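Structures incoming, each one as structure tokens.
Note that chain A is present in both complexes that follow, paired respectively with chain B and with chain C.
Right after this comes the complex of A and B.
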């Protein structure tokens, strides 16, 4: 997955301390970015707090196995904290919550944030290094009925968690969300914009305007926002393979040229 | 225009900088802070936004002393139950308590207003802005209130309400010219009541000075109006206009019934017992072939 680093302008041993990175996809699948970052940070021995809201542990485990990182080992060595959001919010889908349980402590975003915070501080203490928080994916929270403003406040709290006063070096926050076809999902787009306003870098994966293609899976746009500098912006097309991703300049796919 | 308002030579009480994910407005906000730190005794900077930490770091690197930073973003909704400020705090009272004694002129800068507008009502937000600028709540002269707002996170209703409260609105837009880094549409309400609307491009130096301000003319004004109008007589199968030679030839044709001595004698000699009509223009008659209706007063 080194190509991904080149596209994102990240060096192989970059720590990305204090960075807030927003990943998003529409019409094309951008989850390869999540797995890239997960294996990238674990490979660099950064502690990772992975909040999975859309997939089970088994799914991520088998994908990372292919990329050469064993999630089970990483959990045993306390490098990884896998936070299974499916279990936490499962009750909300099934609506089997007994009425006398205090909802605010278990499934509210405040309670959820507190749980992540405890995990984060735990990882930080064990590894003596600022952890990475990866959230996959925020739009699930929208689907189970949270408002955009609640979720953006949740992300804001996470942003401050990673730049907290407890540690000199800052952690990293990576969030992923799916914004639906061509931004037609207004709530998801609004959430995306508000998260992008909080981030240093945002990556958007989208399908080709001309429709699906076997050899070109979509385009990827990388933007960095800095004060005083012209915001750098980069657009490439890509094809996801079994274990890697090929990138090429727009319209320069081998399949197109050959 | 924007240079004058930032430097303070053009008066404006409440300034709103509206940005979006495509055009960042934080640089302009920093220009305001740098300028205000020179013309007022104390600047109070309220951070509600995560990226407010960029503003704070930029100010630190510039070494400006009289800006007091209040971080309200870290515990916005009191989830951490810390004692710090958040959305629940009464901003006026909070700043009043933290004013240095004897301060005569202050300025309040908010980065950004979006969390306030999202989590509270638009009317509350407008009221807060208005009170900060005009009421006696701070017990000292408030020179200016400058605030950043992410325009793409709010509906039109909240935005227009906020616009009405402000005396100047800079709406950041993506640049269209290659010479500048920033571009914004400004609506400025002067004290006299005149409203100025202008689009300008500009650069910001490393010391956060606004330079090279230039008005950006709308594209439609730049184009000559008739450039795109096609000449309808261009590709006709018949001729509508006359060349000089043809005009001369036409002027020599003698129209029938026109009074002409030669012709009169010729006709009179030929015919016997028939009436003839000859037209003889008198002095008042305007015999102009080019425009026969010229004498009509319509």
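Right after this comes the complex of A and C.
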């Protein structure tokens, strides 16, 4: 997955302290970015607090296994804290009385934030290093009825959390969001814009305008808000493989040229 | 004679559950959707633990057919079945399941036995291999069905399907703050069914089977759904995505596969269907030609509708199955329903008049031509 680092202008041993990164996808699938960041930080021995709202642990475990990181080992060595948000929020609508009702409260995300905060501080104490918070799919929160302002306030809280005291350096926040097709979903687009506003870097993965193609899966747009760096904007096309992602300039796919 | 090291590597665990096969891509356990041509294009079949959403065609007749195939496959493979519908009596759907075409593989293997007893002289290395893949015949993956026949009742009753109809939904549902009461009750029934048949992944059983859940026309007005709008027509109702999230949680921890059809063409809020899609794993869209202009279009005369793959699940891998194309067409023959690649027929007729050619006649000076003959292709 080194190619992804090249595209995002991230050095191999970059720590990305204090960065807030927003990942989004619309018509193509951008979840490979989450797995990239998860394996990247764990490979660099940064503690990670991973909040999964859209997929089960088994899925992430298998993918990271392919990328060379064992999540179960990382949990045992307390480098990783996996928060199974899918279960917590899903169980609220099932008959099983969940133990943590206040986390999945319908009206407020306070409880959810507090749960993440506890995990974050726990990781920080154990590792003596600022952790990374990765939230997989904010749009799940939107879908189950939380308002845009609540979710953006939640992200704001997380931004505050990673810049909090306790360590010399700041933590890192990475959020993922699916914004749906061509801005049809106004709420999701609004949420995306407000989250992007809080971030230093945003990455948008979208499908090709010409439609589906087996050999070019979509395009990726990277924007940085840091004006000191020169390449503040970049657009590439990509193809996801079994264990890696290939990037190429628009229209320069091997399938097109060959 | 010493055996050579050239032997087919036999896996120790071969298909312990009848009617399933591991995926070639990600080792996911797959089951057949009941339509082999559909299994082919979605990467082998439906993965266990996922939710498949079928966006209904306008009259819902073809999506109901897919649901019937899915249910019929349960009876053929011995899987358990839960069928829920508010629009139609589930009893009726079960009665109308298509009858299987049995090619009777038992006779074929019997015919082969005398040959097998002979010692092979040339291909002796293959001697210890079975002549054909016997043993799989009854529980093989994907069956063909004859739509002119219905399934025998005793075959259906052998799997003892659990049926949830509108009366039961109306009677049993209780007031619920967060969720549409009918969805809530359906979730409860699914949970009970998983418990009853020991389908949970945490439970150890000797005889593992798969639970197939078929939900017909979820989100139709009979489920008290207003297409995302709350009953006051102003606020949004999040019941359906909430239901799908809870369903995903249930599916992920069970040996179960759920197929839902939703009349998405009834939903008006922009982006709402997109959200529902994200909450499901496999999403297929059906668009029938019935009642539309496309029915008479010569380009589509071989087909009964269009079939699109909207989303395929990404499970245990970075990549999902990437088919060559996402656009297909379906046709319904007298006995069989198939999904094929969409091909336009060859243009043979001289008087072909396609829409693209329309602009050409406009270029001609209209005053000069008074005759009623059609413009010839050679005119310029």
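General observations
Definition applied: the second predicted complex is superposed on the first by the 235 of 258 C-alpha atoms of A that agree within 3 Å, B and C clash if a C-alpha of one lies under 4 Å from a C-alpha of the other, contacts with A are read in each partner's own complex, and residues count from 1 in each chain.
The rule is short, and it goes like this: a contact is a pair of C-beta atoms (placed from the backbone, for glycine too) under 8 Å apart; a residue touches a chain by one contact, two chains touch by 3 or more.
In this text, all values refer to a predicted model and were calculated from it rather than measured experimentally.
In the superposition on chain A, contact is made by A:86 with chain C only, not with chain B. Once the two complexes are overlaid on the shared chain, A:127 sits clear of chain B and of chain C alike. By the document's definition of touching, of the two partners only chain B reaches A:149; chain C does not.
When the two complexes are overlaid on their common chain A, residue A:186 makes contact with chain C while staying clear of chain B.
Which of chain B and chain C touches more residues of chain A is settled by the count: it is C.
Looking at chain A, you'll find no residue that touches chain B in one structure and chain C in the other.
Here chain C touches chain A in the complex through residues 26, 177-179, 184, 187-188, 191, 236, 238, 241-243, 245-246, 248-250, 252-253, 270-272, 274-275, 278-279, 314-320, 322-326, going by the rule given at the top.
Interface residues of chain B, counted against chain A in their complex, comprise 20-21, 24, 26-27, 30, 49-51, 53-54, 58, 73-77, 79-80, 114-115, 118-119, 150, 152-153, 181, 204, 206. Interface residues of chain A facing chain B in the complex, by the touch rule stated above, are 20, 110, 113-114, 149, 152-153, 156-157, 159-160, 163, 190, 193-194, 196-198, 202, 225, 227-228, 230-231. Interface residues of chain A, counted against chain C in their complex, comprise 29, 31-32, 35, 54, 56, 58-59, 62-63, 66, 86-87, 89-96, 106, 139-140, 142-145, 178, 180-181, 184-188, 212, 214, 217, 240-243, 245.
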